[in-house]
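You will see chain A twice below: alongside chain B first, and alongside chain C after that.
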Partner chain A sequence: MTRILAIAFLQMRAAIRSRLFASLMAVLVLTVLGLPLTIKGDGTLAGQIKIILYYTLGLSTIILGVATLWASSGAIAQEVESKQIQLVVVKPVRAFEIWLGKWLGLLAMNAVLLFTVGLIVYFLVQWNIRSADTAGRELGVVREELLAGRRLILPRDTLEEEVMERYHAMMNRGMIATNFSREEALSFIRKDLLTEKTVVGSGAVKQWILDVPDFLREAGGEDRPVTLNICFSPVRKGNNTVHGEWRIGTERNPVLFNMATNVSMDGTYKFTVPITRSLIDKIMEGTATGDSHGRTMIVEYRNGSGTDSRTVVFDRKQGIILFIRESGFESNLVRAILVVLCRLALLAAIGLTASTLFSFPVTTFTTFSLLLLPLIIHYYVFLLATDTGSCCAEHQSGIEKESISHKIVERVVKKVDSVVLGPVMKEDPVDRLSEGALVSWGDTAKAVLLVALLYPFLLGLAGVLLFRLRELALPSS
Partner chain B sequence: MMALAVVLCVWFAGGQNSKLLKMRADYGVDSAAPLENTPPLIAFTTVALGGFSSLVADILWLRVSTLQEEGRYFELVQLSDWITKLEPRCGDIWEFHSWNMAYNVSVMMPDPEDRWRWVRNGMELLRDEGIRYNAGDPKIYRELAWLFLDKIGRSIDQAHAYYKIKWSEEMTDLFGGAHPDYSLLVSRPEKLRKITTEYKLKVEAMQGIDLEYGPLDWRVPESHAIYWAVSGRKYGGREGALLCERSILQSLKALFMHGRHEIGPDGSLKQAPDIDLLPKITKAYEAVLVKYPDEITIKNSYIDFMYEAVSVLHKNDRQTEARAVFESLSSRFPSDETRQGFEVFISRFIKK
Partner chain C sequence: MSGNNEEASAIVEVRKLVKVFRDFWRRPKVRAVDGIDLEIRRGEIFGLLGPNGSGKSTTIKILLGLLNATSGDVLVFGRKPHDVETKARIGYLPEESYLYNYLTPYETLDFYGRLFDISSSDRADRIGQLLEMTGLKHAATRPVGEFSKGMARRVGLAQALINDPELVILDEPTSGLDPVGCRQVKDLMLALAKRGKTIILSSHLLADVEDVCDRVAILYNGSIRAQGSVNQLLEKRESVRLTMPSLPPDTMKKVLAIVKEKIGKEPDIDHPSMNLEQFFLEVVEKAHRSTSEQSGAAPTEAMAGYLTKE
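Showing the complex of A and B:
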């Protein structure tokens, strides 16, 4: 352990001596303090706070990411080139201790820099709130919605299951033409179902089922305020009268709470329903702790009939959201920074492992290219997920169907994206923080275990192996 | 001999430069004179990025679309600013982003106060930045005029009364009332600076507009639509001027129909016709018709205005003026509706 710490200390000292640490600190402080002055928000305090959080932390992460890759790429490669490594390897230090020591050194440097950035951002946010010349309502919105860690609960999404169900039913009834491929049929069914799920016509009724987390049973109402955010808009342009009834309840008791909507709207209409402690208790009533069947909240909208109430459309992702405030801003900020630090740890591991194999310039090139690969994979998968029109174009143009090899590649890429890259790229902690969304301890623990420990461990194993195979004192070198 | 010929050719080509620049300006091929005192950031991005600036603009534009779809608007002002600055001489980009904020994003806000902020964001993008970089592009002026005329002036938006009241309050604070006292403004440099730097209005130009079309009520958005259209009509040759003339006439017509604003003690807005503007509006239509005799749209707009004028005058019990406009309409643009005389016209074709 002492040897590892000694190597880590040497790595940090090298970073300080090479002025990397000081330069990075200066750049980061300038970024964090200067960026909010140059970036325009939307004119609200909430917008200004979001800009501070998103841009300063986001840009700091990018700067630190690039610096980490650069420093880690040179950590071993440059020492090999300058023959300094020979002074280390002749001592009773094992290869894994060198790798781990250097990794820990880089991690410590990043931790210091990142937490400094976090501290400045925190004070910047507080200073902006104190100096803001805004009304109490806006300040309240910022404190309750933005400077918080709120868990977002979306309605149950059974779209894909329903798509498959309808597809099989249609197939059994012979309703799908033979010249339609499976993908084409699924795409059309999906579009139809999406319309059915989001559009509520005059006189129609729509239900959303939300799974209420079990922990709300014990929590005090004041500690964890719960709100239901509703957002919809008319399908027609211009002024639209919309009236209807909202009901909140459970399967057994569908009307625990009800309210009417009677508005004239020409754009998005949003409102928030505070879910009181007594309503939560009623929803939880009769269910035992851990019983997953009874903890459902059913939100129902009954649109008025006739021409009095127009057809409305609910956004699939933003239409109905249950917000539960689970933590304060400070702890959410700490967790977001920890997740970012985990990502930097992974970058350091990638750079160090490549550094054991190549020279410094080649390592730098390789690591930066390697970083592009997951981005391309992620983008490819994103395109596959959103590309609903291509199959129809293919159908019309009579191009041959996908080959088996193409399908295999597609499947492999999807698997790599979900299993390997998913934990790293799925959720952006800075994005969540700037939206007031919760970065949970569960997410943080997952990031620590997978991104900061498991992946670097595997990379470290490869790095140690490569380092041991490498000739460090060739006559020509 | 060859060298002499080359020198002569270069000298001759150099001599054509100023003529070519003038022709480019006349035909609207260039949007404006080269930018002077360009902010370092703009100079850097346009020069250093070169052709890549369009690529960066595209990426930022994609982000705008994504954020907008997700209902996250806080970054849009900055992103629109960057995109427009990456392509500062492309008027269409300025127009799009201004329209996007003022029309698309604003209606996503349920609160009139929030909507007004986005309408202002769109307006300020054109007024404060777009015109600065495209001073010779009449479309930018027309677009700004349209924003005042359509988004603030008309009632297409549910929060339109809020916009009008807010704008009226600002202008009352700026000018001290409906009609600025220009002689007093000149003696108040602080106020004058606010008018020119914050609202980008030139007092001399306002005076000129008042003489030509007014006196206008400067608390009313249509007056500002006229101001910006008048500012843009000297650019872009015949076509550019026609664009702006159309905006001027539309705004004048709107002023005639509901150009008198009154804010009641309960904060409600009441609009009434500004009948006194009739002679100036008629004069403006006549002048544009003389300038563009083949423009059928102008002629139709004039006929439409006369119909409206007869109706408004009749409803406001100004029968002599209503009759005079009708006479002019029936003699200049006779139709089946006008042939049967004033009384029949009123009873049949004017909405009660």
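Showing the complex of A and C:
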């Protein structure tokens, strides 16, 4: 351990003495303090807080990510080039101790910088709240919706089951032409169902089923408010007002709460329904026994209530969300920073492993190119997901579905996207923080175990093997 | 080859060592070492001599595990060079002092001391003694990057001795040092050898090698062309040198007459003179006594205490 810590301290000392640390700190402080002044918000306190949280923390993360990748790319490669590493490896130091020491040094540097940014962001938010000239209601909304860690409950997603169900039904009825492949048919059905699930025509009724957790029973008070957030867009068609009737209830008692909405504007319409303690009690009571799906809450929307109305489109992901406050802003901020730190730890591991093999310029080029890979994979998966299955769309997306090689590539890429990249990129902690969504301890633990420990461990293993194989005193090195 | 009985066997054993440097496509480029056999015993000062590119540094780097042998056997303390146990017993001074420029001499020695897992009290003790020995005590808090080549070389030498090594490998140790420093390094090598330490010295300065080495190997083009003890290699058994106090002229004439009669020609006669190194050291010593301030490395006769302990 002494050797690992010695190398870690050396790495930190190098960053401090080379003024990398001071430069980064200056850039980050300028970013955090200066960025909110340069971005024009919507004039509300909530908008300002979102800018502080999303843009300053987001940009700081990007700056630190680039710096980490650059510093880690040079951590071993530059020492090999300057031959300083020769004096280290002739000492009784194992390759893994060098790799681990450097990684810990980079991690410590990032932790100090990131938590400093977090601290400034925190005080900036507090200062904005205290100096804001806003009415008590807006302040309350900011405190309840933004400066909180709220758990999101999304409606039950049964799309894939329904796709398969409809596919089999159509097959049984001989409704699918023989020249259609299974994938093509599923793609068509998926598209149809997506439309059915998100578009509510005039006079139509749409239901969402939300599986409510047991802990909802303890929520709903002032300290743990629960809200139902609704977001939809009327389709631009005439000047009709969108009349809607909302019902919240359970399977047994579908009308525990009802309300009406009248929307005449275009664009996206968002509103929040507070779910009171008494309503929660009724929901929990109403689904206490005999419900095959556990505790459920049913939200129903009737478009037009019999009158002529405009079609509305609900966002599939954000149309209906139940928010339950789980934690305060401070602990949510700490967890979000921890998750970001885990990601930086992964970047440091990528750079270090590459630097055991290549020269500094080649390592830098390789690691920065590697950053594009997840984006390419995501885009590819996006193309596959949005592919409608028609011949034209296939040719437009450039994907030839018929070949076996394509199928193999598609399967591998999807697997990599979901298994490898999923845990790293699925949920952006900064995004969640700025939306007041909970970054749970579970998410944090998952990030620590997978992103900060497992992946770096595997990368480190590869790095150590490569380092051991490398001759460090070759005339060219 | 076996390393079970270190006292009796060699500290370094090299058999049929070959090192071929290859290009990117793994095609052979240079045969830097070509079938070397070496055996270096405990307490010996062994000199590796040879012109540039003869394979001295490559051989040393293979002994240190910095390069892999293409073929042949290399054992240091009876183990492979990459072995961590082996490395713990070696001190190495490379041909250039590859130090971290942002560290001070104290921090440098502390860092390398930690790599040997030396306890903090021992570390502090040794660092103090080494800084005293290398004359860098007054510059202990200046970054190494500000040092002259000679001063950096002294830090390099100190780091090679922080672990009180059993085998010291010195690649051009006197390069960049002033004559005082050179003398100190040579004295240090002799003192270490006296304590049973083994030293491998690679140098272009033949006078240095001749001064301190017990045995030498002369390399050329990757092969050993001559190997043996210095006396054995340099001795001219057909000639004799006789040194005595100056004789009165008539006695001298009689002696010369007898010698001429026996060898059939006039013998060569000269007066022994002090060499330039001795003269220089005397001048510097006098100057040091008359000056109180010092900006470079301070001349010192002190030897780090832990290095002289039996």
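One rule holds in what follows: the second predicted complex is superposed on the first by the 364 of 477 C-alpha atoms of A that agree within 3 Å, B and C clash if a C-alpha of one lies under 4 Å from a C-alpha of the other, contacts with A are read in each partner's own complex, and residues count from 1 in each chain.
As a convention for this text, contacts are C-beta pairs under 8 Å (C-beta built on N, C-alpha and C of every residue); 3 or more make two chains touch, one makes a residue touch a chain.
Keep in mind the model is a prediction, meaning the values are calculated, not measured.
Visitor: Kindly classify A:3 by the partners it touches after superposition: chain B alone (first), chain C alone (second), both, or neither?
Guide: second
Visitor: With the two complexes superposed on chain A, say which partner A:89 touches: chain B (first), chain C (second), both, or neither.
Guide: second
Visitor: One more residue to check, A:13. First (chain B), second (chain C), both or neither?
Guide: In the superposition, A:13 touches chain C alone.
Visitor: Does the superposition put A:46 against chain B (first), chain C (second), both, or neither?
Guide: Only chain B; A:46 stays clear of chain C.
Visitor: So, A:30: does it touch chain B (first), chain C (second), both, or neither?
Guide: Neither partner.
Visitor: Please work out whether A:66 is in contact with chain B alone, chain C alone, both, or neither, and reply first, second, both or neither.
Guide: neither
Visitor: Considering only the touch criterion stated at the top, classify A:473 as touching first (chain B), second (chain C), both, or neither.
Guide: second
Visitor: Counting contacts the way the document defines them, which residues of chain A are shared by the two interfaces, the one with chain B and the one with chain C?
Guide: In the superposed arrangement, which is not itself an observed complex, chain A uses no residue for both chain B and chain C.
Visitor: Can you list the residues on chain A that touch chain B in the complex?
Guide: Listed in rising order, the residues of chain A that touch chain B are 39-44, 46-47, 50-51, 54, 231, 238-239, 264-271, 315, 317-318, 435.
Visitor: State the interface residues of chain A toward chain C in the complex, per the touch definition above.
Guide: Of all residues in chain A, those touching chain C are 2-3, 5-6, 9-10, 13-14, 17-18, 82-84, 86-94, 471-475.
Visitor: Provide the residue numbers of chain B that touch chain A in the complex, in ascending order.
Guide: Within the complex, chain B contacts chain A at residues 70-78, 81, 106-110, 114, 117-118, 120-121, 156-158.
Visitor: Spell out the residues on chain C that touch chain A in their complex, using ranges where they run on.
Guide: 21, 61, 64-68, 84-85, 87-88, 90, 92, 94, 96, 98-100, 102-103, 107, 111-112, 114-117, 143, 159
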